[in-house]
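What follows is chain A paired twice: with chain B in the first complex and chain C in the second.
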Partner chain A sequence: MRWWQRHLAAILVGLLVIVMVANVLGGSRWYLLSELWSGTQTLSGKVIWDMRVPRMLASVMVGALLAVSGLLLQTLSHNPIADPSILGINAGANLALIVGGVAGLSSSIFNTVWLSITGAFIAFVVVMGLALSRQGVAPLRLILGGTVFSGFISCISYAISVMTNTTEQYRNLLVGGFSSSTYGQDKLLAIVLVIVVFGVWRFQSGFTLLAMDQQTTRGLGVSTGLLWQVAAGLIVLATAAAVAVGGNIGFVGLGIPQLMSAIRPGSFKQNFGVTLLAGGVFMTTADLIAKAAVPSVELPMAALSALFGGCLLFVMVVFGRQVVKV
Partner chain B sequence: MTENMISAQHLSAGYGHHVIINDQMIQIPTGKITGLIGPNGSGKTTLFNVLNGFEKPLAGEVRLSGHTVSDLTAKQRALKVACLCQHPTAPDGITVHELVGYGRYAHHVGLRHSKKVDSRAIAGAIEAVHLTTFTNRQVSSLSGGQRQRAFIAMTLAQDSPVMMMDEPTTYLDLTNQLQILSLLQELNQTLNKTIVIILHDLNQAAAYCQHLICLSGGQVKAVGTPREVLTQQLIADVFQVAAEVTYDQNQDCPQMLNCHPLEVVS
Partner chain C sequence: MTIKYRNGWILFLSGCLFILAMLLLLSVGDIQLSFGQVVSTLLGVNRDYTANFVVWQLRFPNLIAALITGGALAVSGLILQVTTGNSLADSSILGINAGASLGAVVLTAISTSMKLLPLATLIGAMISCLLVMLANRHDSTIQVLLGGVALTAVMNGLILILEMQMNQFSFDKALIWLSGSFWNLDAHFLSINGVAYMILLLITVLLAPVLSSLTLGSEMAMGIGVNVRVGQRTLLLLAVGLATVAVSVGGAISFVGLMAPNIAKRLVGQRIRVMLPLSWLLGTSLMMLADVVANNAFGKVTLPVGLIVAVVTMPYFILQLFSWQKITQ
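What follows is the complex of A and B.
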């Protein structure tokens, strides 16, 4: 093992701190480091503490949640290409939020949470139902069914918002982004993050064993049914919370776990921590690019993330990693 | 009379409405190596999967040292029967030590477990399969035979009285096949494990198993010592193969010679 593989977690923590600070300072206007301590009385202090800090926190946590739910989904389905966005789980949460909004529900945090959880859950059940065969989850059916279903749902989301003239209102949901993040949303994300991390930690040995073939896993005494339910619950919760705050951001769940296992191959237990951190680093960096790359224009996060994910998928295919296990 | 570790009466097994094993009596003697033999499609794997509790029998019940197997939880079952399937796969990037440690899963209650007991069991299992010098090597860097031994160590670390293996020698060369079988013999003798293996090579089954169960078309065709089971007649009836059967000096290990198929299937 190289030194950077051994100290990967420490390196990621360092990176995370750097990008968190950079994210707060950067934007349409860059602040100086010293202005962080200027207090909330001044204008720059207000902007920093009331807008940029909650936004930065949201991006860190959404990135971590999406990366972890991708890792869980890949472990469950025995498929490195599985991702909540590819399987339509993001899109389901998204559609539910838009339908709820159009139907006149106020966009309180409570409403967004239950709406997105319901949407994500229904989408998850539908896609898993499509993928189930007598031998368990068929990987190819999962990916194909999920992709088609995801596209279908996204179309409905767009259609509804176009027909009701609400594309501007739901811009954040449709293209993803953190420009309107609040401390309330951060609190929600923090609660979900704690639940997800605790759940994964509690069942980590089981999840680690799921990476082996089904027969071996069962032989070792893993009750796969229980683990499936726990993992499904955590995936839906993590994805729903991420979508409720950050909108429909794809490919993080695909790319980050892939990247980590390429840098340092290992079991679920070994990769969980670094995947969590790397998700946060990636999303915070992407958010900084989204708000600072082009002055006074907010780049769509979904596009940025897809750009990165698309490139990664391309590299994976070109360099011959086995993308779909059949 | 020998004691039976696993027994089942009027056992039927299959998938859905498709009955493969129909109303059979099965007994696995304690402390012996039992071989399941039979042609392809004779129901060996189906039987294997009900005996180890992976599948529920369609009728009858499998009793394992006083318990009904299908009533046990996954962990309780794993404490009694360790199971190795045909093509076990391990995640990338894990070491032999970690892989063998997976065998301890069934011993963990909630988050409580003794690290000391675990590491002793892991080290003991690795030593038993003669992989001590490879403890910290990546599983993916091992040869086929070594990898199979690492998986056997994993099932050993499970510390269960019964070990079941589905064709543990497939895809290995002759040296490694014999090494694996000798290893199982060693584990049977030194650790007093009851071992059930599915084997295709009848000569190996005769040499390494003390008890054979021969299946054909979902029926038990013969049970007993290799000498009792592997007769010219049975080999002709069940496998459609003509063979000369010779015996070693002790007259208890039959070996098949000059085998050729009885009918040529077009």
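What follows is the complex of A and C.
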């Protein structure tokens, strides 16, 4: 093991601190490091503490949640190409949010959360139902069916928003991003993050064993049914919270766990922590790029993540011989 | 009932469907016309000003656009399915549509004139076709489809970024290239694309024997003296060309090329001579009916036609995937 593999977690923590600070300082206008301590009275202090810090916190936590839900999904489906967005879970949460908006529910934090959880859950059940066959989850069906299902749901969302003249909302969800994050949303994300981390920690040995083939898992006396339910619950919760705050950001759950296992191959238990950290690092960096790369224009976050993740997926499909087992 | 007789009936019935869809498209709308009025207007015997105006000026461009997009996508899907030997292939899942869309968006980003649109869409489609064929080198059906899915995600991301850069406020324009709609019904524009479309269709008909031999599998085709390599490449180019024309007119419309040939195949089997016209009829009928629904079913609101198509074709794809997997297992 190389030194950087051994100290991967420490390196990631360091990186996370750096990008967090950079994210707060950067944007359409860059601030000096010293302005962080200028207090909340001045204008720059207000901008930093009321707008940039909540935004940074949201991006860190959304990244971490998406990466973890991707890791869980990949472990659960025995399939390296799995991601909440590929499987339509993001789109399901989106649709529920749009329907809720049309039905006249106020966009309070509580409403957005339960709506997106319901949507994500329904989508998850449908996709898994489509993918299930007598031999367990068929990876091909899971991915292809999920992608197309996701497109189908997006179309319905768009149709609804055109009919009800609320394309603005659809646009915000589709484009994604953290430009309007608040401390309230941060609190929600923090609660979900704590639940997810606790859940994973509580069942980590089980999930690690779940990664083996089904017969071995059963033979070792693991109750797969319970683990499945817990994992599914955590995936839905994490994804729904992420979508409710950040909009339709895909492919983080695909890329980050893959990247981590490429850098340091290991079991679920070993890779969980670093995946969490790396998700945060990635999302915060992406958010910085989105708001600072082109002056006065906010790049669409969903598109950035699709660019990154799509390229990665393409490379995996083309060059990875063992990627897809039918 | 002999097969020939049966196929004749099926062709006849889908021809009826085609005509019905056409009459519906021309007659239904804010100003209702009867089928009789439409027919007499088309024949040029109706002197009524309103009827003439509505049919020729308002609805005829839509008809042409539907004929171009539906037909081109269906035929290109058929060619792709035969040449790649993959019954789930289609220009939209292979990322060719997204590539063509990206070409169009890049063009609008760098120049104000749309004269080079066909060239730009063609280049985009070619690039994505080449990339997808890169994924084909392991000769695995799944890898090609997944490669296409990944490619589509990347291209759609780029489209979104470019469109948002150009006009922050007209998000709808970006959606033309993401989900499809008849965005330009100008007569000149349609006629240029229509001519290209007719030429490509003619070439397809001329190459039908090659296509037909490829349905036997490449080894058989080689055995009966077909130059498989050249044939496949030419046909692939043809499919890309057709998809390009369709995208230029209607944006990235999804899965028509999957649905029409697959239904045709289920009805008449792998007989290119029947399947080709049948796919064309089904594809165009689907497009025309979708246009009727998009324009009329939702009161005052007009939906982009691509949305209606997607809502029908995407579940069909999932269904197809479902049964296809069962056969291979």
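Just so it is clear, the second predicted complex is superposed on the first by the 321 of 326 C-alpha atoms of A that agree within 3 Å, B and C clash if a C-alpha of one lies under 4 Å from a C-alpha of the other, contacts with A are read in each partner's own complex, and residues count from 1 in each chain.
FYI, contacts are C-beta pairs under 8 Å (C-beta built on N, C-alpha and C of every residue); 3 or more make two chains touch, one makes a residue touch a chain.
Note that the coordinates shown come from a computational prediction; the quantities given were computed from them, not determined experimentally.
Asker: Which one hits more chain A residues, chain B or chain C?
Answerer: Greater contact footprint in residues on chain A: C.
Asker: Between chain B and chain C, whom does A:K46 touch in the aligned arrangement: first, second, both, or neither?
Answerer: Neither partner.
Asker: Touching A:G221, do we find chain B (first), chain C (second), both, or neither?
Answerer: first
Asker: Mind working out whether A:R202 is in touch with chain B, chain C, both or neither, as first, second, both or neither?
Answerer: In the superposed model, A:R202 contacts chain B only, not chain C.
Asker: Contacts for A:A211 in the overlay, against chain B (first) and chain C (second): which applies, first, second, both or neither?
Answerer: Only chain B; A:A211 stays clear of chain C.
Asker: Contact-wise, after the overlay, does A:A159 reach chain B, chain C, both or neither (first, second, both, neither)?
Answerer: second
Asker: From the superposed pair, tell me which chain A residues show up as contacts to chain B and also as contacts to chain C.
Answerer: none
Asker: Going by the contact rule set out above, which residues of chain B touch chain A in the complex?
Answerer: Chain B residues touching chain A: 15, 52, 54, 73-79, 81-94, 98, 102-103, 105-106, 108, 111, 151, 154-155, 158.
Asker: Along chain A, where are the residues that touch chain C in the complex?
Answerer: Spelled out, the residues of chain A in touch with chain C are 81, 130, 133, 135, 138, 140-141, 143-145, 147-149, 151-152, 155-156, 158-159, 162-163, 167, 171, 174-175, 250-251, 294, 297, 299-300, 302-307, 309-311, 313-314, 317-318, 321, 323-324, 326.
Asker: Using the touch definition up top, name the residues of chain A that touch chain B in the complex.
Answerer: 134, 202, 205-206, 208-209, 211-213, 215-216, 218-223, 261, 264-268, 270
Asker: Enumerate the contact residues on chain C facing chain A in the complex.
Answerer: 88, 93, 131, 134-135, 137-138, 140, 142-143, 145-147, 149-154, 156-161, 164-165, 168, 171-172, 175, 179, 254, 298, 301, 303-304, 307, 310-311, 314-315, 317-318, 321-322, 325-326, 328-329
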